[in-house]
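Each of the next two complexes has subunit A plus one other chain: subunit B in the first, subunit C in the second.
Coming up: the complex of A and B.
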């Protein structure tokens, strides 16, 4: 037992898992707003992140735009894309079963993937930004991951405050409870959906900024973390920002420790199994309140 | 359309299909025809449960279990596909029931069901990749071939070098798939499930054993899809985790079935024809230099289909020609303008 506790590699793995959890938490935040709070399923969410990553890469690498400007433009691009997605694709079927929204955005998933392949080809693109690492004892932690972790902490707090303390935040939470009664209460639903889609898209863009620093960009990158982000939102309890945050870390630790003891794929397998089992034990999510 | 003309149309259609290999001299076209029938079978298997609002994104897992189960038993234990296929199908049915039972019991429906089954599809793909010592990982695997120029047919290994043989085998399986569809369509299961997909509590109170009949269609659907996966492996003699399992193949199954029309017998097959024709046409006209265009067009088509033609091509045509269709034929997916009753997921 003591050997396990003093194994520095194990500790490094656990802390790396925590930092990876920060990335996942940030990615799942926008989805938690869209899927969890207003109950609209963007199955193409990860592809929106991919578009943001390509936008940042395209501005920064071939066009030489300064990185902060490129990132800001990336966030705005994805926010705009979120609005377009809602008003062009989802609005015509907003009042049908949610499964239809899932399927229609699945079409968008293929479209964005195809478009990315067509425009940027299947080559891996990289920003080539290295921010160095922090050394603690014998352990190395890259700054980019620490930055992602801190950003996700700030973003989750800011989103929580926005939803709880502002008028429009309250309206966003209210529209998920009854789409038909809200207009009677004097709130324009299209304004709410406009705000939420833009905000959800913007958060996807924020995720894209950090993901672009960490990983190479390619058209299929969405499929590699998309399912994970969805399951995190469901596991945390839909609309529960704190639950989604914790679930992100649970998933990340499964993957990190799985990678440490066997292979990364087995970590993912265990995380998915954990999800399936938890769905049957607590179908409302880990930390759900009565809704 | 009365039953006499319907029967004669079916007979003419089948005769045309039987004669097809003699007319299609081209090996490539025959291959496309085989793929259409094979995927048509798999899509039909999915739609047997999909039409009742049980939209599964996990069928990639079942196709994968069928394909890999059969191939692994053959490559590593030398077990003939005649035993391997039933074993793989049984495993897939067991997996389908193991996921289905808690879902149906706890009323996980709609998009939550889709997400749970999506996790299953990913688990299967990742497990196939992770067991790379056996399965060859993401590089895929080839069933050990016993064929040679002197020995073009092996019944024991279920390997045939002639596409004509494969065409007839898969045609027969596809016809059996349609017969199963018709049997479900004419059974009480169908009415029970259509009632349950509208109002589960009301259906249960009228004596519909909802969980039980949902499990029955799940088992049928899992069996057909895994069987299709096994045939795919035997025919192509190459499988890899991306082409037979995972989220991409699951979405492909769902979308093709929707495009063709998942509420009518020939709909899923027409979906297979449409999607394969689209992919092949774009591939041959636009060429290999322009990647991604086919996926883009496919994506736009799906969006348009789901918004404007949720019954799919065949469903819409059938509704146009056959105005006698009663309320039973306008099931769940067409509940436009109707509010979802209660929350989509009722926690136990």
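Coming up: the complex of A and C.
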């Protein structure tokens, strides 16, 4: 037992998992707003992140735009993409069966993947930004991951406050509960959808900034974390931002510890297995659905 | 205050209202009575443009609502408390009330309006952090009316506030309507509970299959043989 507790590699793995959880938490935040709070399915959410990563890469690497400007532009690009997605693809079918949202945004997923392949080819792209690491004892923690972790903490808290304290945030939480009655309150539903889509897209863009620092960019990168962020939202209890946060860390630790004891792939298998079991025990998610 | 002239409206191919004309004067309480499916709810919906009238005109204090978008009608002083209350079930009582004060001018007066509504309904103050969907029907109705009052309206549209409630609670709801009246609001109320509502209002219109069949002082309608036979059951 004491061997386990003093094993520095194990501790490093656990903390790395925690930091990876921060990345996942940040990635799932925008999706939780769209999928969990306003009940709209963007199955192509991870592909929006992918587009954001390419936008940042394209501005920063071939065009030499300073990184902060490239990132800000990347965030705005994905925010705009979210708005376009809503008004062009989602809005015409908003009043039909929800399954249609899954189908059309599924189409958008393949469209974005295909378009990225055409424009940027399948070559792996990298920002080539190295931020160094922090050394604690014998353990090394990359700054990029620490940055992702801290950003996600701030973003979760800020989004929660926005949804809880402002009028528009309250309306965002209300709209999935009763859309028809909103105008009677003086609320324009399309303005709420506009705001939420831009915000969800912007959060996907924020995720893209951090992901682009951590990983190589390629057209299929969405597939490597897209399913994961959906499961995080469901496991945490749809729309429950803190639940999503906790779920992100659970998944991340499964993957990190799986990687430590066997292989990362086994970590994924264990994480998904845990998800399936939990869906039998608590189909509403670890925490109740928050509105 | 509110004038409807020859309003027709419906849902797609189904026409629910035929040439309905009606007037509510400032300070009045007016009821629209009639059986199930007469078009009472559609009438209120046509006023606040939940359904858009196909012909005719609706005017609020001389302003035509024709070119006013649905979400701006509340700014003219019209609050619509819809059928089945339609609270946001997952929001707390206070958050529901906050939604009622969404429009800009109401936000500035939010604190005072909230204190006013809590004063009117102390029960809502006790329950302010409770999730609205978990309250009883009568409490939900209180909350829905409170939400309507949060915008500081001149005219309150009430759609079947007594529907689906136990008889004791129905009595309380009508007492509530009486109190709203005494607070100086102009009220247009739609009801199936004819005998009760006619004791609360000044005037009433009888709506049948989308057309106004009769109108007059509430006491006259209550005494009207046809109305009595058909709807009051005495």
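A few comments on the model shown:
We take it that the second predicted complex is superposed on the first by the 288 of 291 C-alpha atoms of A that agree within 3 Å, B and C clash if a C-alpha of one lies under 4 Å from a C-alpha of the other, contacts with A are read in each partner's own complex, and residues count from 1 in each chain.
Note that a contact is a pair of C-beta atoms (placed from the backbone, for glycine too) under 8 Å apart; a residue touches a chain by one contact, two chains touch by 3 or more.
Note that the structure is predicted; figures quoted are calculated from it, not measured.
Legend: residue contacts after superposition of the two complexes on their common chain; A:180 is shown touching both subunit B and subunit C. Of the two partner chains placed by superposition, only subunit B is touched by A:263; subunit C is not. Once the two complexes are overlaid on the shared chain, A:116 sits against subunit B while remaining clear of subunit C.
Contact comparison for subunit A: of subunit B and subunit C, B touches the greater number of residues.
On subunit A, the surface patch touched by subunit B in one complex and by subunit C in the other comprises residues 180, 291.
Residues 48-50, 69-75, 79-80, 82, 86, 88-91, 95, 98-100, 102-103, 106-107, 147, 151 of subunit C touch subunit A in their complex.
Those residues of subunit A that touch subunit C in the complex are listed here as 167, 170-171, 173-174, 177-178, 180-189, 289, 291. Those residues of subunit A lying in contact with subunit B across their complex are 41, 89, 92-93, 95-104, 106-119, 121-122, 180, 219, 223, 226-227, 230-231, 234, 262-263, 265-266, 268-269, 272-273, 275-276, 279-280, 283-284, 291. Note for the complex: subunit B touches subunit A at residues 53, 55, 99, 102, 106, 108, 110-112, 114-116, 118-120, 122-123, 126-127, 129-130, 246-248, 251, 254-255, 258, 290-303, 305-307, 310, 332-333, 335-340, 343-345, 347-348.
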